[in-house]
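In the two complexes that follow, chain A is the common piece, with chain B as its partner first and chain C second.
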Partner chain A sequence: MVNLKIKQIKQELSYEILVIPAVVLFTIFSVLPLLGGLFLSFTDWDGLSFNFKFVGIENYINAFTVSDVFLISFEHTLFIAAVTTILFTILAIPLAVILDSKIPFTKFFRAAFFFPSVPSALVVGYMWSFMLSSSSYGFVNTILGNFGISPINWTGDPTLAFLSIIVVQLWGWTGWHAVIYIANLQSIPTEYYEAAKIDGANIIQSFKYVTLPLLTPAMSMSILFSITGAMKIYDIVYALTGGGPGTSTYVVVQAILKEGINLGKYGMANAASIVLFLVILVITLIQQKVMSRREEGMT
Partner chain B sequence: MSITKMHYKDKKNVLGYILTFVVLLAVLVICMPFYYIVVNTFKTMQDATFHPISLPGRITLDNYINALKIMNFFRSFSNNIIITFFTVLFSVFICSAAAYPIARRKTKLNSFLKFYFVSGLMVPLQAIIIPLYLVMKSMHFVNSFHGIILLYIGTGCAFNVFLYQGFVKTIPYDIEESALIDGCSPIRIYWSIVLPLMQPITATVIVYQAMITWNDFLSALLFLQSSKLQTMVLAVNSNIGSFATDWSNLICMMVLTILPVFIFFIFMQKYIIKGLTSGAVKG
Partner chain C sequence: MKNSLKIISSLCLTGAILFSVACGSQSNSSNTTTSSTGTQAATSTVAVEKPTTIRLLSWWPQSQMQESLDAFSKVNPNITIDFQFGQTGDPYNNLAKTQFAAGEGPDVFVIGSNWKDFQKAGYTLDIAGKPFTSNFSDTALKATNLDGKQYGIPVDSWFSGIFINKDLAEQAGVKLPFNSLDDFVAACDAFKKIGVKPLGVAGGAKSQDVWRFAYCEIFSDLYNENTTFDSDINSGKTTFAEGWTPALKNWYTLVDKGIYTSDMLGMDVAQVDAEFTTGKVAMTYGGNWSVDGWKKANPKLNITMIPWAGVKPGSTSLMAGVGMSWSVNAASKNIDSSIKWLEFMSTPEGLLPLQKKLNCGIFLKGVKYDLAPELNDALTTLADGKGFDPWAYWDNSTAVQNEGMLALQQVLSGKMKIEDVGAAMDKANKSATTK
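Here is the complex of A and B:
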């Protein structure tokens, strides 16, 4: 009996050898930093000595009261997240419907709309900084110049800088979101449209009462990726506006890197990192809850 | 099939033509930035600066010759290749190996491990970047290929293990069972039976891990500070930062950086889109 049990454990252990490398690397590079960051966010550790004491939630309070850098960067990031998510949804659904229809070259069109999401976001950001430049080589201003509009400093004004970031995000990711919707559209049976037509529904009605409700799985996925992606935004902003003019387009990751690594304010930067993690966690959990509830509702 | 398909049939070609035209216009807008940076790389500095939109008057390759030199193209390109190749290679073996027992053996340990990896899906790299910096520094992993490769594998683990363990469940157990009865060891079974059967999901893992690693800026910026270890994205960044070079060289560097990704996209498009639409991609 005991022998059998030992044999069984031995067998299970011979399987678990396979898990070890992944567990070690995952623990060192993901779990340890998360727990370490959480721990340090409650201490006054200065990054040098091992003398530190617990300060409770002081870092969390300081991060949002001592200077406004984290507060405004969270505001900016949430603003970008909200605006881009709404616009992705508004633009990607019609785009998906068109790209799923029987127009010619759909394969080429899909690839063309998708491709901007493929290259590095940093290079895309720099590419657009040339596009939007107010120097004589700036593409957008040259086009506007042909209509007699004098050059606009797209990244020099806070409102226009935000507009630029949002436009570049839309340019880069609308096609990506459309691909999610296309996959969903292809799963809707044709019979539904035929039934709607027999019932006398016109093109707008069948879109509203057949297509849209059945697109909710894709919509919730697209919205989740859009929000969490925007919360983590960094490369594009770094390349396009550098957070400027001043700090008017500063984003969370930028503030964490600057305060934490450049200025050595580890406590506050760790506190802000944990807040960022929690925001993303909450959004993800809400999305999963909504999804599972919807699945229950369907069955 | 969607709504436009039916109505397109109903109203003959008119709607179809209008839609095609609108989409064509949108595609032109999408392609504009690429046209702009590519067309200007073949112009002389003066031509590019004062006529940025028109086709080049006289084609020159001087900009590319300069750019290849300035960004140290062959070094930064091979750095990218080395880092991406080893990250993807080890990710495939390490993560598929871990996923196999987690998905197959129903023990308490394995259900804990599943939870352990899945919860990692919710930890964005950006939120742990400061402690990660401390980990990398204390292990002397800054400025080394093996350091950043291990970092990429470790931070990608959660997602790759998640993909693999989901796939293992779809593989029928019969073959493994008979191999087990024949006295095959679990490692042997994983290596010669399960791993080859994982091929479809391995394609997805390879494609996504390669894209994430190739394009990474944040970790590379922090952990590859030595110019010898620069990747292409870092080379573009450091040259733009100095801004002393003229812009025709800079856009050449961008074209050179985007080109390999473009070629990759052309060949791997099917897998990229399949991975995305199977609902299995973490942003």
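Here is the complex of A and C:
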């Protein structure tokens, strides 16, 4: 018995040793900066001098009381996270089903839909800001003009600017999420579909009662990535609208940069970052709990 | 005492700008020629014989700095420069601060209106008494002088205003320069009649240009007569709401007249530049730094810079100020080599190539230089002392400017009244003061 246990430990140890490099890198580049940020969130550090003092929870209070920018930006960020997550799920699943089926040039279409997620978000944002520009050279407005439609202020109107960010995000990442679903689809045994066919299920019923429930693991992963990505969104917003007009498309990371770091209030910036971390943590814990229950229900 | 110092400082800096521009020679031809006279030869206290590498963090891209860098290498073959560029504005400041906070600050770097942040943290070397500092006018050196210690050498002076397409102006029958806001409005109407967009403004949140002509209206209406406003703001004697609102309301008439439109909020500088250089837009905001890029995009572009004219006839103004300065990192391990860069940039051989690229004024004593002829029409306004940059004197400049920019964008998108902009800036000023 003891020999078996020693053998087991030795075997597990060999696996754990392989994980050590990743753990070390994660600790250095994620855990330590997080702890450092937590420490600094209780100080009045200006980002330059090493003379700073502890201010308790003053930064946490000031971030949300001195001005309403952080509150507004949290509101916007949560809205973007909710809307894009729902829309990614609604759009990526049917797209994955189509791309997993026997259509001509499957590989080409998979690459084409995946490609928008490859360039940097800044490049994508600047490209779209030119395309959606209300200048004489705005591509979209030029096309609309050919159909007699007046120029639309895509990134200058507060509501349309928000819509533009969401549309660009969907354009950029639906294909990426579809790839997650494709991987899951390919693991669903064909026997289930055969059995459903035998029971008289049509295409829609097969999708509803076989495909969709068995996509739960992919859905869990896709929603997790969507939420965490959206909560940290910044580069696409900066490149597309700059957070404007005014604060109408301000997101949390931007508020941290503009109201904290750029004004030398690193303590407050760290406090807002810690709050963002906690919000993301709570949301993802709830999401994982809900999805894992659903997954258990499927097995 | 503090208020008197602010007034004296602002007058000195205005004088410094005028001094630097007055030294510039003006050419009526489209091809400028460079002429320069030598300045007092700068001598170094320490020769650098051992090969060293210094890291230089620049405010300007390598394309603008290359000539100066190459000339430096010829004169100082033992010193290699590791060039790094930080995008102008907040990205540069954040990059510099991050490097310093990590203990990896550059050997030489550029300082601007927030230089005291670096000085307080002990990152700027005192170069008072170094022979090469005497190559500059005293008034310009004051920009980075504190309590008798000198923390930088000045690079440039800048000025900005309205750039107008002269060919389109002739086509529309517009007479230049404008004498009042009514002239500007009439010009806009004339441009609209010939089917040209009168004004292009990068009103998007990535630039501060939504404010530029609003500032100019405030300068024309208020600053031409009130020389103590900024010191009164700092001392709490007045507020932005009280002082700026009347001028802002005058500016807002341009919104009512459809000259400033909400679609400007969806445009950035590159997009406006594309419209201006291709003749889709007759007028735009620009500065001495703009001409080089515009002429490269369209060598046939026939433009001129003119001052803004306010409501009262003859009340013209420009935005103008002392620009950036070179400084040495006090914690640099290569102090002698780093000082060599400052020494070199205190000579015409070092500074004139950069001046040519930036089309700016410089503060080297007795040095003649050319400015692009497109800037000539604005120089009289500068000589009259009507160039302003009040944010350089506010105690909480960054916070106030940020809030003002957000507020004016909200006005243009219909979410805020113009009367509330001053109050928003006052709130930001107050909360930045009570940290």
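Following the convention adopted for this analysis, the second predicted complex is superposed on the first by the 238 of 299 C-alpha atoms of A that agree within 3 Å, B and C clash if a C-alpha of one lies under 4 Å from a C-alpha of the other, contacts with A are read in each partner's own complex, and residues count from 1 in each chain.
Just so it is clear, a contact is a pair of C-beta atoms (placed from the backbone, for glycine too) under 8 Å apart; a residue touches a chain by one contact, two chains touch by 3 or more.
The structure displayed is predicted, hence computed values, not measured ones.
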- prompt: Quick one: chain B and chain C on chain A, clash or fit?
  reply: clash
Task: Between chain B and chain C, pick out the one touching the greater number of residues of chain A.
output: B
Task: Could you tell me if A:S136 is touching chain B, chain C, both of them or neither one (first, second, both, neither)?
output: both
Message: Just to be sure I read the superposition right, which of the two partners does A:V66 touch: chain B = first, chain C = second, or both, or neither?
response: second
Message: Once chain A of both complexes is superposed, is A:K232 in touch with chain B (first), chain C (second), both, or neither?
response: first
Message: Going by the contact rule set out at the top, does A:G156 touch chain B (first), chain C (second), both, or neither?
response: second
- request: Determine, under the contact definition given at the top, whether A:I261 touches first (chain B), second (chain C), both, or neither.
  value: both
Query: Once the shared chain is lined up, is A:Y209 touching chain B (first), chain C (second), both, or neither of them?
result: neither
Field: Offending stretch of chain C which, after superposing on A, collides with chain B (from 6-14, 24-32 or 78-86)
entry: 78-86
- request: Indicate the residue numbers of chain A shared between its chain B interface and its chain C interface, in ascending order.
  value: 47, 130, 135-138, 238, 257, 261
Query: So in the complex, which bits of chain C are touching chain A?
result: 90, 93-94, 97-98, 100-101, 117-118, 120-123, 197, 200, 203-206, 262-268, 270-272, 274-275, 280-281, 398-399, 402, 406-407, 409-410, 412-413, 415-416, 427-428, 431-432, 435
Message: Please output the residues of chain A touching chain C within their complex, sorted ascending.
response: 44, 46-50, 66-67, 129-130, 132-138, 151, 153-158, 161, 238, 241-248, 257-259, 261-265
Touching residues (chain side chain B, partner chain A) in the complex: 1-9, 16, 19-20, 22-23, 26-27, 30-33, 36-37, 40, 48-50, 52-53, 94-95, 97-98, 100-102, 104-105, 107, 109, 113, 116-117, 120, 122-135, 150-151, 153-155, 157-158, 161, 185-187, 190, 211, 214-218, 222, 233, 236-237, 240, 247, 250-251, 254, 257-258, 261-262, 264-265, 269, 272-273, 276-277, 279, 281, 283
Message: Which residues of chain A touch chain B once you look at their complex with the stated criterion?
response: 11-12, 14-19, 21-23, 25-26, 28-34, 36-37, 40, 47, 95, 97-105, 109-116, 118-123, 126-128, 130-131, 135-139, 142-143, 171, 175-176, 179-180, 182-183, 185-186, 188, 190, 193-194, 197, 203, 206-207, 210-211, 221, 224-225, 228-229, 231-232, 234-235, 238-239, 252-253, 256-257, 260-261, 266, 269-270, 273-274, 276-277, 280-281, 284
